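These notes open a run of structures that come right after.
You will see chain A twice below: alongside chain B first, and alongside chain C after that.
And now, the complex of A and B:
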């Protein structure tokens, strides 16, 4: 292998796949990055067997070939420190490679490319295409409710529920549940649970216009022009989330409120209620406003009235302020609506959307029953 | 002065002897059931029906399809020390049957009204015998199938003192169902059916498979994860099911030991299990084990106590060694849990050894389908929840033991590093001889209130003058204890309300747990658990205490249930100790921080208000003392 490329391109490529470099040190090959040169392209690949990432950059390929740099993480650090400009990379035997820049050269040890895991084969009938911007919003809006407790792996994931023209993401930690849905250009139907951590990484990496998704029983591929991101699927049955949503005719109270103002009030209250399980009390007074209160035995208490349009029955309930904040931060609309069913039953928070919007976002929150 | 000598000592009549003996053997309705079922098993039955009314206080009926008794045997059976299982004392070392002392029936008959019907294959008619006040009388002949049915009415009718000590019927019933579940595990080849007040409580298939027996007793969630164990060493055979290290409970209630199909209680075996799992489970967590030992009868002594639930091993070291080895062999096996750690759920790359496990789930599915025919509840449940719900749950957990482990192991290792051992605290306390003085010399006045801070040493220790010497206080340890106690007090209040769950958790309980739960559902609500009855022994967990915001609600609930049922009380603060430790540790003053005099006095004042103020929550001492005598000696003033 012999190539010329720009330091910036090289760094971009290895940083993208760097997310998949294993830090566990159990199988040395998984700590490496595979670099292959073909057709004026450099392709990088790394995997920790949970996820695999491939990324390609443009390069001047003098002689095609491939190598595996032994310590992927260290390699990224080293490349970051190189001066900008052209880098010449040439393999000197079956494994090792020399990087030449300005008047210097750097010798990097390699591993056997034959040992490097291949990408899993995928035969997926379920696939489609969605704008990266929308895809990232779906992740942002759902990931907040994914559980971090590993005793129930299914809940640590985000469910991708694909039904022909719609892509829906769902997450829950059993205290709250998020559903974000958008139209997409796809076909086939299926349900796939992807680790939420992986989805988070993915949304940070993706930058191009749109992303292709191909899903199979065990793996889901996310592809852009330059990047292929493969994640394993968490095995297990996701709860039937539609069943958790309360029926429309059980709504007792409907609230319309300015997102930013509500967010600010809840922030103050939550700060105060931190030592009190973040309990924030909300009293919805019909045709009036929301009376919010929170207290901390050692610090003090707070009372605020928040302007809102409230229809239906008046009642009061207590909520975990942190959960409210999580939701308000990702609503991404000027106003939100809240449909409530009572003081000990679920409430649904939704952004106020335009008629023609092909998206839907629901944040289901359960009250805290105060003795 | 000639007075007729009054004879004080006389020989008790048989009936009285039996009543006294009954006190040892028949403690409560459960003991009656145990003796009768023991007999039924010894009679070679393949199915045994137990029908209990009013927790056994009104009546207990045990019907078997064993080989039955002839007329003469039936009449003789109720005499004291009447047994068919033993002829001479020389046979004692070779007891292979469950019963042998010949006390059971006579003891039962001494404290209740007993009716028995029995027929052997040799006769066409069954004989009906009634026993009243210890005397058996043939009442008649009847048509019946081969086997024996014994019915016990009005238990303890003549021993009011005993009756007074019995608990409420449903609690007695809990003991009985617990007992029958032990029998189900002990004899998977026998079909047991237990009814209470006409309601079917337990029904085992008797297909000879231990896993299916475990399924009957513990439900799918647990049984689906148990690992099979097989071990043979000379005459000793151990078979059973044990939990993987990812599945544990907060009490030893789930330890089941059987020696030659006899359920026994044995602390030594419990200790061996603890040792085998040592360091693999988080602190104060215990595995679920069902271990069945086959041993030559002469190597054990079952004749220890009339209830026959205790046992002595002639060569304990040998049994212990094998028990530990057998468990370790399963736990260390590549294709159990450990494989899951490395490759299960990983991607299909071209790496060796990526075949997944999970065969047990299939097995359970088959059993479930088979059972569905037996029990309508299961069918209904299946329809409600959609098939595979529980399977999925099992699969999930089986697929990912690693992660569930790591969080706990991480906390554990942190604690271990910090030297947390429940015993350590006590130990540390024992090493502080002046502790005893607290009540003596300093009686009436708290030690900490008498300390006068002199300054700080190395930014870490507070140096103080106090009664009879110089005191050094570890400021971090002290502050940690103060925080710990205040957090614990907050926890204990439990008044934080209940965080309701968006996705309720389905709980499958044992009968005993379910009974307890039904009785305590309201006080549970006070603590923040919102539980709803879902039919039979299944419940829905709809809310958990509001402070519990991360983690698995079902884990919290089961941990709570285990502790509360075995210990009778539940101390939230001690249950979630790890979290408190971390919280306390994080918030506390670090070493190398400068303290003013006021700070030091403040710490002392706070410590003075605590009950437990001599060690930090990790068990290290907070305060050490250098006596004046010691100082004088050093200065050679002695």
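And now, the complex of A and C:
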């Protein structure tokens, strides 16, 4: 292998696949990055067996070939420090590579390319295409509710519920449930549970216009022009999330409130409630406002009145303030609505969307029973 | 106590003294912040017994008095989240305080003001005044060499060597020695060792034009218009640092090099040298350049030629790359000079200063003996 490329392109490529470089050293090859030169392209690949990422950049290929950089993470750190401009990269000995720039040379240890795992073959009946901006919003709005408790793997994932017309993501940790849905042009339908950590990494990598999704029973592929991202699927049955939603006819109280104002008040209350299971009490007062209170034996207590439009019955309930904050941070609308059915049933928070929006977001939160 | 003040002023005051709020709970009162209202001022005070900080802000004092907020750190977090504008603050019960803003009230637990330690009385024969910008540079340029090894407390501090005409700061961990000196208008002379952590905190707090220093045997006071910062002095004899400097007549090699270029090369080499005690080899080649090299058994090796003006004898020496980086980051001049006396004696790095500069900075670094 012998190529010329720009430092900036090289860094982009290895940073993208770097998210899949394994930190554990069970299999040394998984700590490496595969670099292949072919057809005026450099293709980078890394995998930790949970995910695999491939990324390509333009390069001047003098001689095609492949190498594996042995310590992928350190290689990223080093390339970040290289001067801007052209980098000449050439394989030497059996596995190693030499980078040349200015009056300098960098000899990097390599591993046998034969040992590097192949990318799973891209295949799947169910597929579709969505704008990256929307795709990332769906992740952002659902990932907050995914469980971190590994004893129930299904709930550590985000469900991708794929239909012809809609892509829906769902996550729940049993205290709250998030559903974020958007129109798309899909083909086929299916349900796939992807590890939430993986979805988080994916949203950090994607920057191109749109993302193509191809889903199969064991793997889901996310593709842009430059990047192919493969994730394993978590096996298991995801519960019927629509069944959890309260019947619209049962709502007794409807609240409309400014998102930012509510967020700021809950932020303060949560600081005081931290010692106390983050319990924030909200009293919804008909036609008036929300009376918020929280207290900590060590710090003190807080009482605020927050302007809101409230229709229906007045009542009080207690919530985990951190869960409220998580939701308010991703509502992304000036006002939100909350539909309530008394102090012991879940409340439904939603952004106030425009008529023409082809999206829906629901954050369902269980109240806390307090004395 | 009953006052009105701006949230921004309140936050500034408690954040400044917050650096002295104790994190350990041996004496609960040291986790608090004393707030005293008097003469249209609010005075904040906190101390962890190593340092004490007092800060004052303007306020509308309706009724003078004092309170101690029990959990100073949490109080800072809460005030940061308050809305902009006026805050009304009133003491209630025996020790507590209520903050009112918008349609809200915040009740904060307090402690007995009688228990709060007094600020040591400001007194000392030795004093002077220096621009904060210069003072902070002296700290920045010396603190990097202070030792973190508590078995020799003297070296964990920064020496303030005060003369009538010059303020000099010195630090060393026995591998390197830093001396940063600037003209000032002083009164008296003396040597005071201040914990380096304290000097770091101090430089983060100071923002006003100039700082006044008053030094006594046990305490050194740093004062600006709004802030009084008191530090304890580390007891012990600081070595005669001037004696460590090599005699100018013994220099065999003089190097002049671009600071930024050298910094970038050493950054790369240090990433490769990390597994290997950060050993970076420099070959000073007469009238030519510096040949830099470093290697790591796991990663690979690097070789660079760095443009430099070199007079005198050619030779090679090895240095700790991280120590070189520490120095290059605080040189604050386009070029630096290095005076050398062969591969086993200390090298002297200095910024290339303008003629009219009333400052001096020396970074003395010991080479590493390698095979």
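One rule holds in what follows: the second predicted complex is superposed on the first by the 368 of 371 C-alpha atoms of A that agree within 3 Å, B and C clash if a C-alpha of one lies under 4 Å from a C-alpha of the other, contacts with A are read in each partner's own complex, and residues count from 1 in each chain.
As a convention for this text, a residue touches a chain if its C-beta (ideal position, glycine included) is under 8 Å from a C-beta of that chain, and two chains touch if they have at least 3 such contacts.
Only a predicted model underlies this, so the values are computations on that prediction, with no experimental measurement involved.
Enquirer: Once the structures are superposed on A, label A:129 by its partner contacts, choosing first (chain B), second (chain C), both or neither.
Expert: In the superposed model, A:129 contacts neither chain B nor chain C.
Enquirer: Taking the superposition as given, does A:335 touch the first partner, chain B, the second, chain C, both, or neither?
Expert: neither
Enquirer: According to the stated criteria, A:38 is in contact with first (chain B), second (chain C), both, or neither; which is it?
Expert: Neither partner.
Enquirer: With both structures superposed, pick whichever of chain B and chain C touches the larger number of chain A residues.
Expert: Looking at chain B versus chain C, the one contacting more residues of chain A is B.
Enquirer: Quick one: is A:4 in contact with chain B, with chain C, with both, or with neither? Answer first, second, both or neither.
Expert: Touch partners of A:4: none, neither chain B nor chain C.
Enquirer: Just chain B (first), just chain C (second), both, or neither: which does A:121 touch?
Expert: first
Enquirer: Where on chain B is chain A touching in the complex?
Expert: Contacts found on chain B: 342, 345-351, 386, 388-389, 391-393, 395-397, 399-400, 403-404, 406-407, 495-503, 505, 526, 530, 543, 546-547, 549-553, 555.
Enquirer: Which part of chain C faces chain A closely enough to touch in the complex?
Expert: Touching chain A: residues 70-71, 74-75, 77-78, 81-83, 96, 102-109, 264-265, 267-268, 271-272, 289, 298-306 of chain C.
Enquirer: Inside the complex, what are the residues of chain A that reach chain B?
Expert: 26-27, 47, 49-50, 52, 117-118, 120-121, 147-154, 156, 172-177, 218-219, 230, 232, 234-237, 239-240, 244, 276-277, 279, 318, 320, 344, 346, 364-371
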